[in-house]
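There's a structure below that I have some questions on.
Chain naming follows the written order as A, B, C, D, E and F, and within any one chain the residues start at number 1.
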């Protein structure tokens, strides 16, 4: 009944290839089905003004889509002169989510910027960006620790994300574009490897949902994220 | 234990004064404690290009804060040349939430723009904006119905919102600024008058939460929203 | 003969409510007929670069209109990406006018920013903004003096403004929107409480005027401003 | 007592050279002392949307300064990404002033854009721009009339402008930069050739003025403008 | 003597992988040494206004770099609010170069937009973008021809580009970043497959060059481009 | 056969008037036929951040066109909110070209900004800007040397530029607008007074050219530039 023929609780295939660019301190190409995102983690000397001198570190994120990552070509945000509302919302979410897995005291006063650029989109780009972004972050932090610049590990636990929604009346996990564009309810679940919740966003446009349905989506999300965390662990091993 | 001395499940006082501007088709000044928001609903002739000719209506929202609605003066967004990420995120949320309570076929091919401008901020401005925005929308739709421009009521049910969070380890409802700036977990719950859920956003910066805690916040939210819906109904009666 | 039935030299009713926001150092809501403006004065730590180290203070102003303060909804300047020419012109006028009533040596090296936000417009918004802006400024300076941060009073005299114009061939004071949109000649007069002139702007689009007419408008303005100054004095008493 | 040694009521030398660019329908280089402005009038096919179909014409203006027209180099507005507040204010004034001398019915549904670009600045650039702008406009309209595109002359009377101010306690006409930067009161007077007034702007920063002083400046302005009108008439003869 | 150990006339290894995104009408990932660029060609319904109704087609290009495609992270152009001068210059060059190989009558009134996004940069990104961009364009045109939308082939000849320069006093081909940043003279040569020249840009910062040196660089460029054209032909075969 | 009746190798008349503005350290008005450009050189206290403390000087350039310098009025870049791609490309070329004639050590840590503003355009504006820009630069440097601020002359040799192209199948020098808009191949040649080449840009839109043609254009350019250099030397003598 799903367009892809998947079971309700079946994730798409996930692959994470690390070291895809020679310049970044950490990088990967994550593929969740036909959604492909390049994630890089860049160590930067400057911290934002509001934490200067605090001894705390900072992790932030930026998100973009190549103009033809989508079915019809989108206008390039650099040429239209600003990042659209959706982009701004997504990159704030990625940054907030990754920070929830970081001990900023252990990181020390340095900034890591995670860039997530969608090469090909087929639904769930923000979730793939968070999952792949954590891998890039992990690799960059590994480099810091190896160099002795950071002593105790600032990454508390993996952070991964999956979308779940109500499609054709049924709760499904890891929606692709065909499902996403038709779903009555659509949610993004960002969890830690230990099952703790970092962020939940569930919304319905022109519809509503019940507490029972919330619970069903949460179940799907927790199972899905544990698959993603396994893939993350394998990638950084 | 709350800075304001309120009980964990105690909302702030709510007042909604309607008809606060002579120009708008619907308007109110909503006060939730010391958070004051002017909401206006403007009937506009044009619909967005993507629904032209579809026969469907559209409801959208914009959000702003007066520069000195906050403790220290913020830079005016009109002068800095763009709306910040937070503003963009909030006004998308307001629009999405209000649309979830609208039958767009019954509304017909017309647009209503809800403007929410914060006069004084003390936490929970986006929730007050949604709750007051629905009142302005209701009044504007009433005018349409009275004029016979719309036959069957396009507003399915009231839409209201409340914030809940974990403050000092305890679940609390309707956080004011003192609580909001210290809370480990912070959520916004947008519900319909009949208890159905429209949108849930729970997030933790530098922390996490459990499914049990999600449930406790949800309980507080449902009780809080039913108080807000009573205030909405009284205001538009 | 005036749309409102007022005499040629009759002002609209004026009310000034102070302390309308708990955050600002000074604030008021001024109502001149159906023109309603919220004015706040914010004490700010930084002075503009060109007076750093000079020992002189600075007073500046910003002006905005809520999108639905007008008969048909205006586009929000924050969303269109810049302040329009009219806004820029008005806020420069407000700042210049208020500074003409300030002893910048006595103020000392600090900045006060006066924000004037139009809630409801019915002609004469810039004049109401100046008149109300001075009240907010007065209250903020009172706070500085009470705290002992400023010794001798930097406010030399009240500053107030009124519009006068030629409507239907007759000189009238305090034009409302119905008159303003039809007037052949339109002027703004900013005066001090002692009758001295700070700024005069008279202009005619597609028409001209004589020196005699200038004198008649000036007479109306001086009488009108003295009413406004009484209202200012009552408000800050 | 004036830095230039001029009498209180003595204008600077004025020269107006027409036909300075081969492309524009009308053009001149006006020199008022060391203030040099190139003015061009361009006939344009499109009228602004708000008068489409009305049969009325439109005259508008734009103003700019070459980066090194001033004592120290100014940032180029094209490169800083927007026109500053002063530029916007000035070009609105030029357009408004020129329109006051135009019969828009006689002009017919066409637009003339007057560009005023300051090559060298020494005070009074907006006044020189208006005076020279009218010459360019006159030449462009002559061309329209010669071609038979316009039958009755849409230009009612010359429009010219001069600055007057209180310098070192004395009323003076046609301030140069040395005076302008020190003057306590500064005014711009835009008049028609027949002595009728189009616009008056008098302002004081950190000072005030009396009605008597207003009258003295007005006297100087009327005498000064009649000299400028003679120069305009000679230039277009 | 070259940092990479290559001979003066030795190109870097070139690989071109086609079909790298499922959405675009044509796409490839071109690798010239460590310079990696994703090129997509998007068929778009609209043509620019200036050729509407002419029956002619249009090919245009846009260029971007991922923020961490370079040694240190660059600011994202979408976030800084505009495309920098270098980006604008490069994308104009790519578009102009590709159009020189297109019969716009045969293409018919349609637009193809070629997007070139640098994933990893190591010198010569604009040349790789042109060479890869042509491959994407070829594939998109093949699709048009297969569908019968275009009858006679609008692509006259392959278009490819290589950089040549004077490094350490010697003429070298296909400069990598280490050479590029030190070269006294730097040129980009865009040629057709038949050896005809489309565009030549040679420039020296803080140095100069002779006509003899121009000839040597031209020799290197012609040999280099013929290697690139072979790679293009193999890729699209 | 050329629209102007000139021989294939015949330049337009050149005049260079120096000292055209009293403020700039160096200035000229260059006329190459009907192309008129005002060039000013401004000595500025600040150097760009990337050379602070290096002891090296910097020369940069900006370029603009008056809105009605062209046959039909162009939109003012200051009002459209950004410099177009063509402007950016040209001003980068001017700066790069002038720097190629400067000994930045001898100049010392100071910046000279050359502004080139086109008053009237008839083809070849960027070449006229470079040729005139060098004259302004020379005059500004003379002033520095006279004041003893610079000891050894930082200007190595004059820098001048000319356009050459293939018009109606024939190589021609110094194209005017009528030729430029029809030419199949169009090149800009920036040379030093001693015949050394600084920059060459040759491009063909919808056409190509051969190495023989490159040589013919180069011959024309070298002859043309030597005429320009004579005019430069006469102007600064």
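By our rule, a residue touches a chain if its C-beta (ideal position, glycine included) is under 8 Å from a C-beta of that chain, and two chains touch if they have at least 3 such contacts.
The chain lineup, named per UniProt: A, B, C, D, E, F = Ribonuclease PH.
Remember, it's a predicted structure, so these values are computed and weren't measured experimentally.
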Labels of chains that are neighbours to chain B (Ribonuclease PH) and to chain F (Ribonuclease PH): none
Other chains in touch with both chain C (Ribonuclease PH) and chain D (Ribonuclease PH): none
Furthest chain, CA centroid comparison against chain C (Ribonuclease PH): E
Most remote chain, CA-based centroid, reference being chain B (Ribonuclease PH): F
Between chain C (Ribonuclease PH) and chain A (Ribonuclease PH), distance of the C-alpha-averaged centres to the nearest whole Å: 51
Gap in Å, rounded to a whole number, between the CA centres of chain E (Ribonuclease PH) and chain C (Ribonuclease PH): 59
Chain B (Ribonuclease PH) residues counted as touching two or more neighbouring chains: 82
Neighbour-by-neighbour ring order, given that chain A (Ribonuclease PH) leads and chain E (Ribonuclease PH) comes next: A, E, F, D, C, B
Complex interface listing, chain D (Ribonuclease PH) residues touching chain F (Ribonuclease PH): 20-24, 27, 34, 38, 40, 42, 44, 62, 64, 66-73, 76-79, 81-83, 87, 113, 115, 117, 119-121
Chain C (Ribonuclease PH) contact footprint on chain D (Ribonuclease PH) (complex, rising order): 82, 85, 88-89, 92, 96, 99-100, 102, 104, 192, 196-211, 214, 218
